[in-house]
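You will see two complexes here that share subunit A, one where it goes with subunit B and one where it goes with subunit C.
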Partner chain A sequence: MAIQVSGITKQFGTFRALDAVDLEVRSGELLALLGPSGSGKTTLLRIMAGLEFADSGSLLLNGEEALSLTPRERQVGFVFQHYALFRHMTVFDNVAFGMRVRPRGQRPTSTEIKRRVMELLELVQLAHFADRFPAQLSGGQRQRVALARALAIEPKVLLLDEPFGALDAKVRKELRRWLRKLHEDIHITSVFVTHDQEEALELADRVVVMSQGRIEQVGSPAEVYDRPASAFVYEFLGQVNRFDCVVADGVARTANGALSIPADGTVRGPAIAYVRPHDLGLSPCAAGPGRVSGIHVVGPDARIEIDLAGLPLEAEMDRERLSALGLRPGDQCAVHIARARVFPQP
Partner chain B sequence: MLAKKAVGFTPALADSRWVKGLLIATALAFLLLFLVLPLVSVFVEALRRGTDAYWAALVEPDAVAAIKLTLIVAAIAVPMNLLFGVAASWCIAKFDFRGKDVLITLIDLPFSVSPVISGLIYVLLFGLHGLMGPFLKSQGIQIIFAVPGLVLATVFVTFPFVARELIPLMQEQGNEEEEAALVLGASGWQTFWRVTLPNIKWGLLYGVLLCNARAMGEFGAVSVVSGHIRGETNTMPLHVEILYNEYNLVAAFAVASVLAMLALVTLVVKTVLEWRFGAELAATRH
Partner chain C sequence: MVAATTSDAVLPNTGGTVLSVLRKPSVLPGFGLTLGFTLTYLSLIVLLPLAALALKAAGLGWSGFWDAVLTPRVLAAFKVSFGLSLAAAAVNAVFGFIVAWVLVRYRFPGDRIVDALVDLPFALPTAVAGIALSALYAPNGWIGSLLMEWFGLRVAFTPLGIAIALTFIGLPFVVRTVQPILQDLPPEEEEAAAALGATRWQSFRRVVFPALLPALLTGFALAFARGVGEYGSVIFIAGNIPGLSEIIPLLIVIKLEQYDYAGAAAVGVLMLMASFMLLLALNLLQAWMRSRHAR
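Now for the complex of A and B:
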């Protein structure tokens, strides 16, 4: 089922959480709402679920206006960051809840509920835990129960609010893969909120980058990473070196003249140039303008801090390449820029 | 050498036995002097002339009337405050609105006002010469010096017990489970019965026990509105006072012992519940 958001605005006191947001979620896709805290991503998700009211705008669920519908009428599945499992109920009762609260006429029989719950617990690989209470489960298991519970009402849309936010790094990675696989199996239209760019890029079919209540860019993970639409997106997605510069004749120069970067023709005057650390090449050169001021090894990669005539830079490469170059702290080097983006000064 | 040193090592937080023993002894002596001894003396005084005199003091018509009245007042006041307490803490803990702080302060008011004054307020409002007195008289309704006045005064005094117990608990539990229930298709009513109430039931029970103990034991406010009509508007605490003032010590302590037993029962019920459902209690607070 497709979701069409148009002109949704939401104000909390003097804080504008959402500013006339337009967005289309395609049927069957897994969409990530990515942004820093306060960017409005969770508010947008909660408005879709009916847990928050929009001040203005419209929301179409499968072509039908949904803003006036209550959460129960919308039939969405919602997964909370902190699971929100019913703590006084067993895992089984948690998953069965959505079916048991249906009006008498639409309620499945208890054998049907039992069959369905066990099927879902099988799906989230927790069939053995049906009689446990949430407090007896690990974080990852609780979140899987929450997912099974959300799926039990056969929702048309699945909304996930920072679903992995409360988990530790290893479990997070496992659950992420597992969710991706689950989505490939059941193909339910899903929207998840995250502030973790790696998570969004790895998991989503399309990524929506948000900032200050507005959408900065919508695109596939490769699109938003390789062709950021704005300076904000560039800075938010991954590590970046940032320089203030002035563009003249298609070349951006930093104030001290240490670096010149080719710029596309549309930018002129004061600008900001961005270079990703892995797009920065180094070569040993005794007369080079840069000096290696520090080297940090993180797993298989090395981060090299460069002082380029007073301008601090960070380069990244794998350790083998670094040892082939033979650079050590204090060495002089030459700096090559493989790829850069120049945005006009805001 | 190192191994020898390790043997002599004491953890920083472990006090010496002397200190521990002294602290425990002090606490026990205090409890004995101020709690156990008075309680025991109530029963000793009550049974001074034997069980027959004790029993006679309890089945005497005025005493029976006082016990009945106390039960009636508690039976009306406690459910009222149960409903009010749940409603108030629900709206304070789960919603944001203007004047929330004022409401919280108002709920605490009966704790900070002397019970005598709260009784007096009702006399000034509903008494014969009070604000609504003439109107009530013309309608033939008597509130002061009658059961309605006793109930009103008791409700006022025991107002905060349930709400005070539930507000912090509900605030700590937050809204997420209710939101989850709504999204899963539950109505507001279903959400309350199936999610909110089970989560607060132990706090609620505890609040009701305290509320009940106070409702039955209240003296000051009830004394002002009662009028002390024997056999009609005397609750147990008031009856105890009258008997005591008449130097009828055995009867006074006999009725007092019933009140004391109520306190003990409350305590035992609470302890049993905590022991029996301790694990579940911990789970709902996790």
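Now for the complex of A and C:
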């Protein structure tokens, strides 16, 4: 089912959480709402679910106006960051809840409910835990119960609010893969909120980058990473080196003249240039402008801190390449820029 | 004296065999000290007087004890005290819950004042409460006269009056036990229920209420215990007709006035046992409910 958001605005006191947001969620896709805290991503998700009320705008679920509908009428599955399982109910009763509260006429029989719940618990690999209480499960297991519970109402849309936010790194990664696979199997239109760019880029079909109640960019993970539409998106997606510079004749020069960066023709005057650490090349050169001020090895990669005439930079390369270069802290080096993006100074 | 010797036996052994059996390894310090203090304190303040009471009653002998308590007047007083305390606690459970709900869930002008009013039955001398209530509910009082006129209902100087007095003094217990739990209830659970298609009523009945039930039960037990022991407010409104509206505490006072100390002690012991059993049962019920979701 497709979701069409147009002109949604929401104000909390003097804080504008959403500012005339337009967004289309395509049927069957897995969409990520990515942004820092306070960017309005969770508010947008909660408005879609009917847990929050928009001040103005419209929301179409499958072409029908939905803002006036209660959460009950929208039939959306919602998964909370902190699971929100019913503590006094067993795993089984949690999953069965959505079916048991249906109006008498639409309520499945208890054998049908039992069959369906066990099927869902099978799907989330928790069939053995049906009689446990939420307090007896680990975080990852609880979140899978929450997912099974949300799927039990056969929702048209699945909305997930930071679904992996409360889990530790390893479980988060497993659950992420598992969710990706689940989505490939059942193809339900899904929207999830995250502040973790890696999560968004790995999991989503399309990523929506938000900032201060506005959408900065919508696109595939490769698109938003390779061709960020704004300085904010560039900075938010991954590590960056940032230079204040002035562009003239297609070249961006830093104030101290230590670096000149090729810029495309559209920008002129004061600007900001961004270079990803892995786009920064180094070579040993006794007369070079840079000095290696530190080297940190993280797994297979090495991060090299450079002091370029007072400007701190970070470069990244694999360890083998670093040992081939033979750079050590204190060495002088030359700096090459393979790729850069230049945005006009706001 | 029994109590004093038990605490003596434990105290010098701090860290020794007695405690090491009771104690699980823990980094929290002060187990021996605090346990010793707790036992000594409880012995002096609670167990010693109760033991003295039992000792006094024991002076009657086994058959003398039962002769003293199994009289129609005493049994009727038990029925009045326990029956009406349970009824009043039940009324408080319902209305105290509603008061707590309103105080937590809604903001309205004067909500702080209402919140403070709830504690008044704690602070007011119970005799004052009793006199005020009997003045109001007496056949010529403000409320009593109306009830008499409209329904032909006599409240003051009947068991109904006792129930009203016990409800008055028991209200804060339910409100103050339910309030903090309701306050801390995460809104997500209700939101989850709504998103799963539950109506407001369904999410209250299936999600909110079960989470509050242990606290409600605690409030009920406290209000009940307070009601059983209440004296001051009841004697003014009860009419104190033996066999009809006479409560156990009053009966004990009457026995004391007749210099029947052993008889008074016997009734006291029986009352103590009955209360203890009921409270224990309520506590076990609660522990069972808690165990269902806290592991």
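In this text, the second predicted complex is superposed on the first by the 346 of 346 C-alpha atoms of A that agree within 3 Å, B and C clash if a C-alpha of one lies under 4 Å from a C-alpha of the other, contacts with A are read in each partner's own complex, and residues count from 1 in each chain.
Everything below uses one rule, namely that a residue touches a chain if its C-beta (ideal position, glycine included) is under 8 Å from a C-beta of that chain, and two chains touch if they have at least 3 such contacts.
Quantities reported herein were computed from a predicted structural model and do not represent experimental measurements.
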{"item": "Joint occupancy of subunit A by subunit B and subunit C, clash or fit", "value": "clash"}
{"item": "Partner chain in contact with A:H296 - subunit B first, subunit C second, else both or neither", "value": "neither"}
{"item": "First (subunit B), second (subunit C), both or neither touched by A:H187", "value": "neither"}
{"item": "Contacts of A:G98 with subunit B and subunit C, given as first, second, both or neither", "value": "both"}
{"item": "Intersection of the subunit A residues that touch subunit B with those that touch subunit C", "value": "49-51, 70-72, 75-78, 80, 82, 84-89, 97-98, 101-102, 133, 135, 146, 149-150, 152-153"}
{"item": "Partner subunit C, residues of subunit A touching it in the complex", "value": "49-51, 70-72, 75-78, 80, 82, 84-89, 97-98, 101-102, 133-136, 146, 149-150, 152-153"}
{"item": "Subunit B-touching residues of subunit A, taken from the complex the two chains share", "value": "49-51, 70-72, 75-78, 80, 82, 84-89, 97-98, 101-102, 133, 135, 146, 149-150, 152-153"}
{"item": "Subunit A-touching residues of subunit B, taken from the complex the two chains share", "value": "176-177, 179-187, 190, 194-195, 198-199, 280, 283-284, 286"}
{"item": "Interfacial residue positions of subunit C with respect to subunit A in the complex", "value": "186, 188-189, 191-199, 202, 206-207, 210-211, 292-295"}
